[in-house]
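Shared chain: subunit A. Partners: subunit B in the first complex, subunit C in the second.
Moving on to the complex of A and B:
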């Protein structure tokens, strides 16, 4: 036996076992943790995990107009992936996602930047932040509909432009077009970008910016080399929100394109209304994999764990 | 940085921010103005007289859709989601303060619930209810579907709150002889109460406006957003705008109420401390 080990032993003996009440307390607090976590686990288990597993199972089933039949077919997948329409729809959905992501990031960043660095009092910051947040807590569908009187054939934009003599006849592509879809999506989702970016910008130590300035950096250098790298976690969280919401959107596409454009979720919705659940389920599995891969890609670029 | 003179950057960004706010509120105000359209007016400007005709129309005529009943359903569902959201998020927030077996899995499950597309959850719950022979209804399947969207927000808010919560207050209470229940009820709860109001507000408004998750799960009777969605395709009178104005004003008053409560609580706390 080395002296060091005896040392350890004596040390071990020097600390008596904790009294029985403390040990009971420890066990009790562990049980309490479990009991406190049970409601969340049950709700997510039944309404989230089980449905997802069920979709995975049903996607291999057979079906006809009368019902679903347990089976193990890959038909639903080969039908979905073998169809030119599916690929075109994915391409269209990805196009919306890329456009909306780019625009919300651009707008969201500058709005958050203005709030975080140019508004001097906390009260004013909070007031302006709330001004941005309130519409997010109202109905998405109403906010979509609200574009109709603005963009319609006889809407505000067209009538104003005609009265000013800029255009001779109404612009047709303002409403019920890809333009309208992207505009409405940006309108609905920019707040998801503003909030997390604002949050990270507020946590940036202002002395870092002072230091960069003292070292001779100009405004753009500070923005590019100090602020944006530190804002990355917020940008990542906002991007996850926007990308997952736009990839899964069907109502904006349906209402704003007037039924002329398609998205993956809209395709699923149509299959669901025809009671083709296994086909919709196969689509759901593919969409889920695509969305999770996109989230994983974002998380690979930026580590957001320390933000939580 | 805060005592410098305003730069050009400030004015450019201020203009940009103003445009952004106009972009957010402009279309909504168009709906608001047009809901006061005269009885002969249409869906677009100009106003053809000013009246509250369409508001009366909303409450009288049943052909437009059953606005009253669907509002009641959405309101009750919102309250149910709000209460469960507050209680479950609070409990989960307390649980996550200690590491326990499975805590990481449960946390990732919560985050995943936020990321998985709404329509997939809607389809999944629909299929589960169908296969188990349960009848979907707004108070069962749609209720659960809404919780998968509101709970992650609630849990993440509580997570953030407890991450910044100093245990010193609880230790002080315990040293003064408070039981763990007394510590919770008289020390912890009053301190986190404003955040809980926020969690409740999120629960109510997100549920009240939720659409995609209700689609396959509402059963026979529509909630308000489903009713409005149906109206977008077959209603061609300003009654749609009247409905939009009424529900938006309702949402605004709920938000203001919650903010007022939070403000009063903060004031009272500031006085005590």
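Moving on to the complex of A and C:
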């Protein structure tokens, strides 16, 4: 503790009780701080809490082909959890999540490491970082659809390979397959991994790396013993982004698998198009719980508080 | 516990692009000595230290540690250990793992390295904190851990980059004493970079004063204090007033010079060519507020500032071409015959209190 701080403390204790006007001022300032919090509370209340509550409530309602009937039934949950289709779909979604998480982590860390440690000037770092964000100048859907002419049966990759004589006939699994789904998801989500990792890597004190080298560590040892442990908060934040985005994805799965694969969100979308809102709501609640558990698990492993 | 090594720096230069940070310096640091590199920021002292440590490549020249030329060896193979300015402790490891880091890199078994690290922490009296993280320690404690981490490699020379600059003044003085004690008990060579004259005087067996990438003087503190080699050293150490002029005549072991304002001064020294530029240094604490018996050993000036410092009083005088000629008077002398700003005063000193300052070839 610095001497200055203790001085302040003793002065604060020595002050006499404030006069009544000052106390009114204190109450007023407390009200003012609540007032300042009101806009955000309203926005979060109306656009976040209320919809979630609605979904939770609707998930217990009854329905048929013609309408929704307020009720308190657990049928929607028993139907959802009792169906092997749900379990298979969850398994499939988790498979995508695991694959995409692993690949974005690998690529994202690599890119962030290169940007943080191998690019020397800040200007160049910023330029290259902006280059990473270029795909985000167009919409998700367009970026996804643009894979089709590349990967299609008569697409760029297949025609090139055939013309070069490497393969006799087009590769079928390039498009409308799990490969295509994972590829598109990695393409869409890697930046969410790069950004937080780059941020933590930039905060690593460079003298730590010199200290490690002074202690005889080689490049891999420095990476494993110093850089990766210190990048953990960034990895955790990036993982939360990627996991939540992939778990909730339906458009990529639908477009890139050509309707041959399912994800949990896609299942919900189908239920909604059949006007089975309570069933979709029950599904949504289950998905929300699963994703929250995954995020909690990530936060359990890594303490990200110092990054925020 | 360890063998000390002599450090031999042979015309070492450091060039960054078109700027030269270190101009071909040569220096021998005897084994087991405490050497302080002293100088203003940007003088090349840290670059030199980092070249000895191996964290900076050597543009030309060689560094020898004991009998081995270490110029092209990586830091860990040199037998040196470095302590960084901000200590550079690993924030994600507890103290034991911090200290045991180099052993882990060498592949020492976990139990063995942790036991060794604990022993090292015990030596630094940091054992009670062994399972804490660096962020939970005070500056002085962090320094001890950094020392433990550096010394566990059993180095022949310990290199310290401004080790005390992050500490508050009281702690600075205490840790300074600890460093000196540690160096004495280990008997290894310490090379310590600092910008504090006081720190260097208190610690060093050899002070190396650097300016603009060159060594101005490398000598025992007493020699640096009593016989500063150059005008830069005299000004930087702050214990001498520097008067600059041209030689008028010399002979009989005395040199007479004339400052641009016209006064002449005498200093002991070898014969000089008349007309050559010359600097002399006059000990601030030996100047008396009295008329000179020999008019070449004193002048008349005007007091421009008076600072009370307790046991002494610092009086700044304008005159003889200097606008900050400093006189350190004892409080007894000063209060016997006080002067105030604007007063005309006569100053004088003895022949033995002035030294002839050299110039280094640029």
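The criterion applied here is as follows: the second predicted complex is superposed on the first by the 277 of 308 C-alpha atoms of A that agree within 3 Å, B and C clash if a C-alpha of one lies under 4 Å from a C-alpha of the other, contacts with A are read in each partner's own complex, and residues count from 1 in each chain.
To be clear about the criterion, a contact is a pair of C-beta atoms (placed from the backbone, for glycine too) under 8 Å apart; a residue touches a chain by one contact, two chains touch by 3 or more.
As the structure is a prediction and not an experimental result, all values here were calculated from the model.
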Subunit A as common anchor, with subunit B and subunit C clashing or fitting: fit
Contacts of A:143 with subunit B and subunit C, given as first, second, both or neither: first
First (subunit B), second (subunit C), both or neither touched by A:236: neither
Partner chain in contact with A:175 - subunit B first, subunit C second, else both or neither: neither
First (subunit B), second (subunit C), both or neither touched by A:292: first
Contacts of A:50 with subunit B and subunit C, given as first, second, both or neither: first
Subunit A residues touched by each partner, larger count belonging to subunit B or subunit C: B
Which superposed partner A:282 touches (first subunit B, second subunit C, both, neither): neither
Partner chain in contact with A:103 - subunit B first, subunit C second, else both or neither: neither
First, second, both or neither for A:208, with subunit B first and subunit C second: second
Contacts of A:262 with subunit B and subunit C, given as first, second, both or neither: neither
Following superposition on chain A: angle at subunit A, subunit B versus subunit C, Cα, nearest 10°: 90
After fitting on chain A: smallest Cα gap, subunit B-subunit C, Å: 8
Subunit A residues contacted in one complex by subunit B, in the other by subunit C: 210
Contact footprint of subunit C on subunit A as seen in their complex: 2, 205, 207-208, 210-218, 221, 225-226, 229-230, 232
Subunit A contact footprint on subunit B (complex, rising order): 1-2, 9-10, 13-14, 16-17, 20-21, 23-28, 30-31, 34, 43-45, 84, 87-89, 91-92, 94-96, 98, 100, 102-103, 106, 109-110, 112-121, 123-128, 130-131, 144-145, 147-148, 151, 155-156, 159-160, 201, 205-206, 208-209, 211-212, 215-216, 225, 228-229, 232, 240-241, 244, 247-248, 251-252, 255, 259
Complex contacts: residues of subunit C adjacent to subunit A: 53, 55, 74-77, 81-82, 84-86, 88-92, 101-102, 104-106, 149-150, 153, 168
Complex contact set, residues of subunit A against subunit B: 29-30, 32-34, 36-37, 39-41, 43-44, 46-52, 54-55, 58, 68, 107, 110-111, 113-115, 117-118, 120, 128, 130-132, 134-135, 137-150, 152, 154-156, 159, 187, 190, 206, 209-210, 219, 240, 244, 247-248, 250-251, 255, 265, 268-269, 272, 277, 280-281, 284, 287-288, 291-292, 295, 308
